[in-house]
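For reference, the structure I am asking about is given below.
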């Protein structure tokens, strides 16, 4: 039994049969509504197949970025059982820093140089963004979360909300309200045309880099000594520490890994959306959290697939349902609510749910 | 005596594990029945099925003639089944009296509006509830501890307070999950006395899980034994004590044979 | 000086510099102006003091025998309570067996910070002198800011006319800050280690040692302030020769807050009742004596008191962390707007025409609309509550946050219904028997004063209802649910009903607050209902003390009132809140004026054990909390 005041378990007990029936009916109603919308409105519009394919590709790119951020949520949740509410801001800091690095590079003409120079510079920009995110992520852990590690669950959550606002509005005060726009170098501004489908280079690059980073993370967690320590701490913190694992160090490394991925995502999202500003991490952060929940929070492959699915739904959803694209955020949040109601452990299962103290 | 509680073919499966396997059990009104068995035998799971925390896959649970299956825990409490917990689960930041008042929650009728307006009926009901709460605390032996925050109570008193909270709902059947666990001999003595008084003075039927054989043998009128989810024996304490399968379950097959031999010599 | 101490001191200096550079980057020196440098040095001194105090207490323990391996000081130098305080203080300042003296440590830290500040400001000044534009990148790095940091005029920066001495002064100032901090830390060494300030404060507030004179003064303070506020309203009277409007507002905030403390000082019984009634009368006169601006601020404060009280039911009593609370505020506001503003959506207009009602005139007055707004919000509360019934704490927070955003997105995008971002304009004012209150009171009560008065009365009503509910069996069920949901259910609490009641009642109060807010604003827009309303409401109950109505009033005064007084620093409002939220969670998770009974809401149950006993006295002294809100 935990001492936490909010211990309310999601998995309803058998006695709540009426609730279950209600939610089932609600679920059926939603499915019918969606199917009806899609068949009568979305498909009736008569978009060509190429339209759907480009939307889907767009969704995959977005999903790749979300996946990188979602991994940060999942990693931290797996180890500390807390939602790092400020993770979206960690990503935004990466994006902002990447913007200044890009400006610096552009001012020196590196972006117009021969392609190896441009590639190296772009990679460097991403690494700088990642480094900034890591710095912020680790500071956050040290100042806002570590003192609260023994506190009841709500306390670190509120602290995280505070940290999130603090980061957003500090960036606002330091760098101003106006959005900073990324100027893509000529090398990656074009795209590939396959029949009617247009694939922008940035999109392809973002997707590839996301996949590579995810593979790298998977390798670290599954194959290295560090990864084993992380898994041990996620399994049982006190036993791990008795076995000689430095729990603090593992937690710091977890934040570093999560923040590095978020930083990379921030820079790539900057290239994708072309602008960054103080609050540009907030909504993607929520989306990535949704993705993590969709895949089953604490579950690393789950977060990756959850994010790709979310990206696809977000890209295709508005057209398929025949509603304005302004509502794409509504779709994501509604999805979050629905998952939590119908399948709180996510599509792929909440790996660590049993041990959640 | 009629059966107050009748458990019929109750089966509960977790994943691949059958925690409670086709258990039949009848509990007579105003009796004291013990449920024993080795660790992991499914005793607490059976309690959880009775109180609506789990829903058994198969079987029927009749209480006072009507089924408890599919009811919510609070509905089951309303019917007159209350329980305590193996690992004490009090409302830690409430005082002892407040814990008992929460126990009385569903026996209080006044509407929330009347609470806002403090109508005389609501005031009267609150006063009576407090009075009854004090009575119950007195009954379990916690007189004078009404205003102590429950986490500050000594361990034994916390167990007593759980009983008082359960009594708040005026139950017909009280399920005690290891009431004497972790208690010293004198506290155990007090608890056993309380169990007797519950039945004799309050007319409550008691169904308890207990590991301490001395307690089981001295207070129970009948004993049921679970092993691997199955009921392997039932009867008076003496009958159960002599039952071979019970000895086997507790001590392992080889020892059991010797024990049985020894018993025969006695 | 041993290397280890030196590196630690330098590190302290670096951290102080990191913090100061944050302040510089967000433009604090420019905001402060002339005295910027000393203020920053004082902030640094405060930081050094905190660090040195901790270190010196650690050393103290080491020397007095508790320590394990004292690398520098040899154990055995006893500092018992009998050791002369002065003697030991003096010796600690000298190089001794204590290890590195504090002063040296402070000096090193201070010089480190000072040097870095001097270098950085020098670089910025030089760059600006050479015409490099830094501001487009770092928004607040303007000559004004850097000039204030160096202590010169912006013009001198532009002409790179800054003498070297200026930078030396910076270094010296910070070095002085370090020494000052060390002296104070050494002097305070005999204080009990933990929480000297708060401990003493709470002893003053509730302990038996307090002199009756002090108690009397505490009770009298709000009344004195009220009289002074009234006097300030007379023509020709100024406060300190400054803008009396703001001073008066500040005094009003202080008077209200000190009223809450005064009530805590009262003995329960008749004394408390009398003071409560007098305070209530005093506060009710405020709307009549304040001017339009002051009234509008106080109105907002008390609208947020209502919000806080409502959210407190959900978060504080039932333990459900709801971050989408703004949704119900918005529902209340928009419901009233639909009913009383000339703009009606085509949907509503056609509906009205269908019903044979002219869509031109407001449909319902304030009072008739009140139950509608409350009911709509309550229904919203139940509808949003049902799906989240099964969710655990932190999931609940995120989902409700999502709900809040969905509602806002709908307000923004459902143009036909809500007029989109253009908002709904000319919402009618609450009238009194068809007359405006300004007419009724012959101009004594301004329109904003009327809103303030309504907010006051409504908050008192809400506090009263919340308090009564909390003391009833429903309140116990909420608390039980918060403690252990499963056991509460097995004990007989109907979870669905109890949770939904919390959502619905909380939402109803938010709906009331929303309606009054719409009337106060006259024109409402979707941006009025952003996530920050939820965050503000949550922040104010956390800062004030979750579960405590008095704390909520205090929280609202501090978080919604003070920023209006400090108009200039409004842009720093959110960062300050945010930092405060984090710090509060670390230092004092149960708020400034915690609820006597439930102060441990967010704190560890383990800590609660120790606290609850000493709180019993305060709980008794608090008596009937309901009266507290009558003021």
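A few notes on this one:
Every chain is named by a letter (A, B and C) in the order it is written, and numbering of its residues begins at 1.
Here is the rule we use: a residue touches a chain if its C-beta (ideal position, glycine included) is under 8 Å from a C-beta of that chain, and two chains touch if they have at least 3 such contacts.
Given the structure is predicted, the values throughout are model-derived calculations rather than measurements.
The chain occupying the central position, as judged from C-alpha centroids, is C. Among the chain pairings, A-C comes first (most C-beta pairs in contact). Separating the CA-averaged centres of subunit A and subunit B is a span of 48 Å. Put simply, the C-alpha centre of subunit A and that of subunit C have 31 angstrom between them.
For subunit A, the set of residues touching two or more other chains reads 1, 3, 13, 16.
Residue positions 52-53, 72-73, 89, 92 of subunit B are each in touch with at least two other chains.
Counting partners per residue, subunit C has 483-484, 486, 605 as the residues that reach two or more other chains.
Subunit C makes touch with subunit A in their complex at residues 22, 25-27, 137-140, 319-321, 323, 386-399, 401-403, 405-406, 409-410, 412-413, 482-486, 496, 535, 538, 542, 571-572, 574-575, 577-582, 585-586, 589, 601-606. Residues of subunit C touching subunit B in their complex: 464-465, 468-469, 471-474, 476-477, 479-480, 483-484, 486-495, 501, 598, 600, 605, 608-609, 612-613, 616.
Residues of subunit A touching subunit C in their complex: 1, 3-10, 12-13, 16, 19, 22-23, 26, 82-83, 100, 103, 143-144, 147-148, 150-159, 161-166, 168-170, 173-176, 286, 289, 293, 324, 326-327, 329-330, 333-334, 336-337, 340-341, 344.
Those residues of subunit B whose C-beta lies close enough to touch subunit C in the complex are 51-53, 72-74, 77-78, 82-83, 85, 89, 91-94, 98, 101-108, 110, 112, 115-118, 122, 126, 129, 147, 149, 151-152, 165-166, 168-169.
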